[in-house]
Amino acid sequence: MAEAGWNRPALRGRALEIYDAVRALPIISPHGHCDPNWFAGNEAFSDPAELLIIPDHYVFRMLYSQGVPLETIGIGVAREDRDPRAIFRLFAQHWHLFLGTPSRQWLDYTFANIFGIEQALATESADDIFDQIADRLSSDDFRPRALFDSFNLEVLATTDGALDDLAAHRAIRDADWPGRVIPTFRPDSVLNPAHARFEVDVPAMGVLCNVDIGTFDGYLEALRRRRHWFLDAGATATDHDVSVLTTEWLDRPELERLYRAALANEISASDAVRFHGHMLVEMAQMSIEDGLVMQIHVGSTRSTNRLLLERFGTDMGADIPKRVDWVSGLDGLLNRVGNNPELSLIAFTLDEAAYARELAPMAGHWPALRLGPPWWFHDSLNGIRRYFDQVVETAGYRNLTGFNDDTRAFLSIPARHDLWRRGVSLHLAEQIDRGVMDAGDAHHLAAVLSRDLALDAYRLKER
Amino acid sequence: MAEAGWNRPALRGRALEIYDAVRALPIISPHGHCDPNWFAGNEAFSDPAELLIIPDHYVFRMLYSQGVPLETIGIGVAREDRDPRAIFRLFAQHWHLFLGTPSRQWLDYTFANIFGIEQALATESADDIFDQIADRLSSDDFRPRALFDSFNLEVLATTDGALDDLAAHRAIRDADWPGRVIPTFRPDSVLNPAHARFEVDVPAMGVLCNVDIGTFDGYLEALRRRRHWFLDAGATATDHDVSVLTTEWLDRPELERLYRAALANEISASDAVRFHGHMLVEMAQMSIEDGLVMQIHVGSTRSTNRLLLERFGTDMGADIPKRVDWVSGLDGLLNRVGNNPELSLIAFTLDEAAYARELAPMAGHWPALRLGPPWWFHDSLNGIRRYFDQVVETAGYRNLTGFNDDTRAFLSIPARHDLWRRGVSLHLAEQIDRGVMDAGDAHHLAAVLSRDLALDAYRLKER
Amino acid sequence: MAEAGWNRPALRGRALEIYDAVRALPIISPHGHCDPNWFAGNEAFSDPAELLIIPDHYVFRMLYSQGVPLETIGIGVAREDRDPRAIFRLFAQHWHLFLGTPSRQWLDYTFANIFGIEQALATESADDIFDQIADRLSSDDFRPRALFDSFNLEVLATTDGALDDLAAHRAIRDADWPGRVIPTFRPDSVLNPAHARFEVDVPAMGVLCNVDIGTFDGYLEALRRRRHWFLDAGATATDHDVSVLTTEWLDRPELERLYRAALANEISASDAVRFHGHMLVEMAQMSIEDGLVMQIHVGSTRSTNRLLLERFGTDMGADIPKRVDWVSGLDGLLNRVGNNPELSLIAFTLDEAAYARELAPMAGHWPALRLGPPWWFHDSLNGIRRYFDQVVETAGYRNLTGFNDDTRAFLSIPARHDLWRRGVSLHLAEQIDRGVMDAGDAHHLAAVLSRDLALDAYRLKER
């Protein structure tokens, strides 16, 4: 059995010195998926299973891989039919499966440092720990705003659909609470004709903006207005999920033809990809106009398990990364706007083979391009090491963007930023050891990577 | 010159502690290519060159790459025309070529720990070492069964063609010797129409099983019977070599058409791939029925050197790994049977770029899928490090399968498992150092990775 | 701010011992892009900006990526319109961008060890350092030949177009100076029909050689003569830049047809690739005849930034690596001549995913093939580590070729070889630590990797 709290940083020597200097810096969370309603309503979180287990795809995918049916941990089960304590107990019985995974490190940190639990999780301690967490969740100190404050969050960005009214964000701004929670413009459903909601959401966007989206010009105008709606609510960035990366500037007649076909749901799959690729270039151009930073996440084959897709829907742990050709994929976009340093384009990959071969050379050349942090499966101690190993020598540190937690698990945010800071400290300590830099530069970079770069790359100080 | 015995583990501190606790565990060898007749007949092994040099493709490929003609080390030469001492001498002269390779580490271990040789191999010591080895090989302590016992082998699986009568295995079971040597069902020649023996072996299988293989149903029935033949002889697994990975469930009329064409040797290359891909799904389904674990080895371009192929045949050191797309390649199989935890499918890759990007996410999701250990070129200290680095954070340890030596070099088995245990110890010591786990968990995992996982993944305790 | 001189090797323990034994070995530079006229004329180098900043694509690409216009550092500006001091100052202001990059390590070494500068580079010290460098450049000790001698250069190979008269090299040989500066035959413009100068350079080659290049036989004869022209001037190698790797032996009628089309500038892109691929095999065959070592550099998408290409031409920092399939790409060449140990073919890749998967297995098999050192973006401390990590276990050390600096930055040559020797020392110290070899073997290999392998692979001792 593990000793409780063992995973508090086991760093030593230089790495510990570096870590100690940055561990308490404010947290910048410029990309993630928390629900703004938590902070608008400030209601207590529900039970431990609902909060920590059921929505965490890292957790349920591992359980499922070892033969645990998803229903037994409450997935696809109505809330009133779930037994949170039984779910938590089942999870505790399988806790050994998570040895070596970031999930275990995040949760260990969360149990020990957020909930103050002193026991190690195990079958025997499950009920007791469940009770301790449930008890704390009912206290005022564990309401969303109090946690936000105690986490030392300087800013938290959410991700919001293009049609979102941002009422929660407006309520937060109007509240008597200084926490900075900002939206991010995520227009996949109105840019990508292959999106299931495209032909519904585009007309709805027209109504919202009071613009005739019957023409391509009207459509562009509506997009511009939605971006300004987000800007007005505090957004500094957009975010784009791209399945097949290609960007190409199409001529107007073809565009209008594709747009009409898309609206009528009569566009071919390959034309949908081309239209989406063109629209990414339009977004980049609008970013130059309005200053929104542009994020692009590429590289997952979604829902590869068809049984789970039919039974439970998307995001069931069967999204698997794939190869991405970044050079040809971004060619159209970069050759149109990539020489403009006013554009801030942040690229995220799941194909690590592209780090040293493509992305670092590209980020070390194009004025507009920066490289996002290790993402999803690679948001881990080894993932961070591989990232620095393959990226820094060619792109330097200033073409990076610090850290994103990219999570909807609010409670895990301190743990994730802590893991990043540990990874940064280990990396920089090794840089000193191998004669790449001196301790002064390493300490400076530790703060840059923990906080400053994210503020800068996401233009969070400018607004 | 090297000091003799230097390669006995140079581990220190935590890594040495972990290693010391697992170094003497029994060896589980669930996949390899030893000859069962060795243990059935228990005859003394022949001379040192015949045993250690001539059949080892790792050894002769390196010599060949540096201009040593294959004939000079006895390849393509009749046994009576070979001079074993001269071959051993030539090998010793080139011993420096192997610095840094696992071959050198395996052989150093074997010389020192199996044969008790105290000198370092060199041109000057070659004859003396040859004599020492030859001398020991003639003693009863070095007969196959005695070595098996002294190696502390708990179980050794061989690999056997679908038509094998398994007489050697039956002789071993009937002998007054408790060693557990079991067969593995390797049906490539009766599943893959591109296999040179397909149209001969399928009818032969029909005769063996007393089944009419003229129909596809008869063919399936014959396969089922051969699987039971292996089960009855102690097999717990099948093994499949796949060149082009694709799996697709074909409909019955097409299947029957392809089967007839395959039997008539009139099938196209692409149809052969499709038929083979379908048959892999059939094998997976039969595995659910009869409980045999299914192994799949993918990713080598075979015999890329046509001159050597013509002159000496296959397996001449010119098989080179290639890229594999695991997500699309296993799509048909996994979407048919991958959600069934009764299936145990073990995947081996030579394309390490797929570890973090595809295989670890897949093994960390599909109930049926586990990831085999680093294979062939990657069965090495760095290969083991890269494997753990890229796999564990996403798949955990329990979706792995421990170690395979995959060798026909019986004498090297202790060395290979020792190298794995060293690699495991180095990995786990680093996990502790970086705060990923505590010493108790690391010690537990060391035993799991050295023995338990292989027993479990290959269902060796169930039978 | 950095302490001056901090980047002098921070190695410790075993790594420092190994490094100390090889740091002062003579430098072998068998592949690079220095200008032979420097050594023929022995004129003083011009100002610091002209020498260190403006021609260095590593430097200006990083500045450009952070929004510094290329014109401001003198690119695309006539020499008389440049202000070297202002350029150097601008560079110093952006010195922090280079933290963690080999550029910074090379320049730090150069400032401290070549120019004896004791301050750290910074905005405040820029003018003073500029003056110190300018001052030293005007002294006789900093003329090209004196630097060559003080660098302890044993041999320096340049890279020269197929039509070069090699007058500078002849002048060097005739001079009263013992420095060995040799040419390398780089015939891209007369082998690759896609090269912009092909249809001009081939006829010019015919005139130079007094051969009728109207026939394919005449063309081959002209190439043979040019190779001998280079051999007579001291060359030991050829070098080939290949964009799309494919090699295939074409039959004579097709060859003659393609050759005529190429000369007439009427060849299709795909036929140009095939013709070039055939000519690489011809080059390999001529290498067997005349003994020139054959280098092949593969894997960059050139000039991906079209704006910069139009405005400033090629080599503007927008060349980005791409995937290469080495097995199929070299199939035609290797199956024709790869079994001949008389051929020495050295392959350089920018796609590191090919190291463990393809190149190490190939170099560990084919007698003709050796693997070049980490190149371009990968000529760095991490690049060196990844190279050894992925290559040595399968290819050993003797199928490698030591180090190339591949630079036109003459002043950086000692720094680059020093970084390689540091990387070698770190690698070998770890090999000892992990029990892969003993200290004696590691010390021996350090010298082999620092000097002997390059001499051997490039046949520099034979001539």
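By letter and in written order, the chains are A, B and C; residue numbering begins at 1 in each of them.
In the analysis below, contacts are C-beta pairs under 8 Å (C-beta built on N, C-alpha and C of every residue); 3 or more make two chains touch, one makes a residue touch a chain.
Since the model is a prediction, treat every value here as computed from it, not as a measurement.
Between 0 and 180 degrees and rounded to the nearest 5, what angle rotates chain B's CA atoms onto those of chain C?
It is a rotation of 120 degrees, to the nearest 5.
Copies chain A, chain B: same or different interface, half of numbers shared as the threshold?
Answer different: the two copies use largely distinct residue numbers here.
Report, in whole Å, the distance between the mean C-alpha point of chain A and the mean C-alpha point of chain B.
For chain A versus chain B, the centre distance works out to 41 Å.
Considering chain C alone, which of its residues make contact with at least two other chains?
As it turns out, chain C has residues touching two or more other chains at 353.
What part of chain A is in contact with chain C in the complex they form?
325, 327, 331, 334-335, 338-339, 341, 353, 356-358, 360-367, 369, 389-390, 392-399, 431-438, 440-441, 445
Write out the stretch or stretches of chain B touching chain C in their complex.
Residues in contact with chain C: 1-3, 6-12, 61-62, 64-67, 96-102, 105, 301, 304-308, 317-323, 350-353, 377-378, 380-383, 386, 422, 426.
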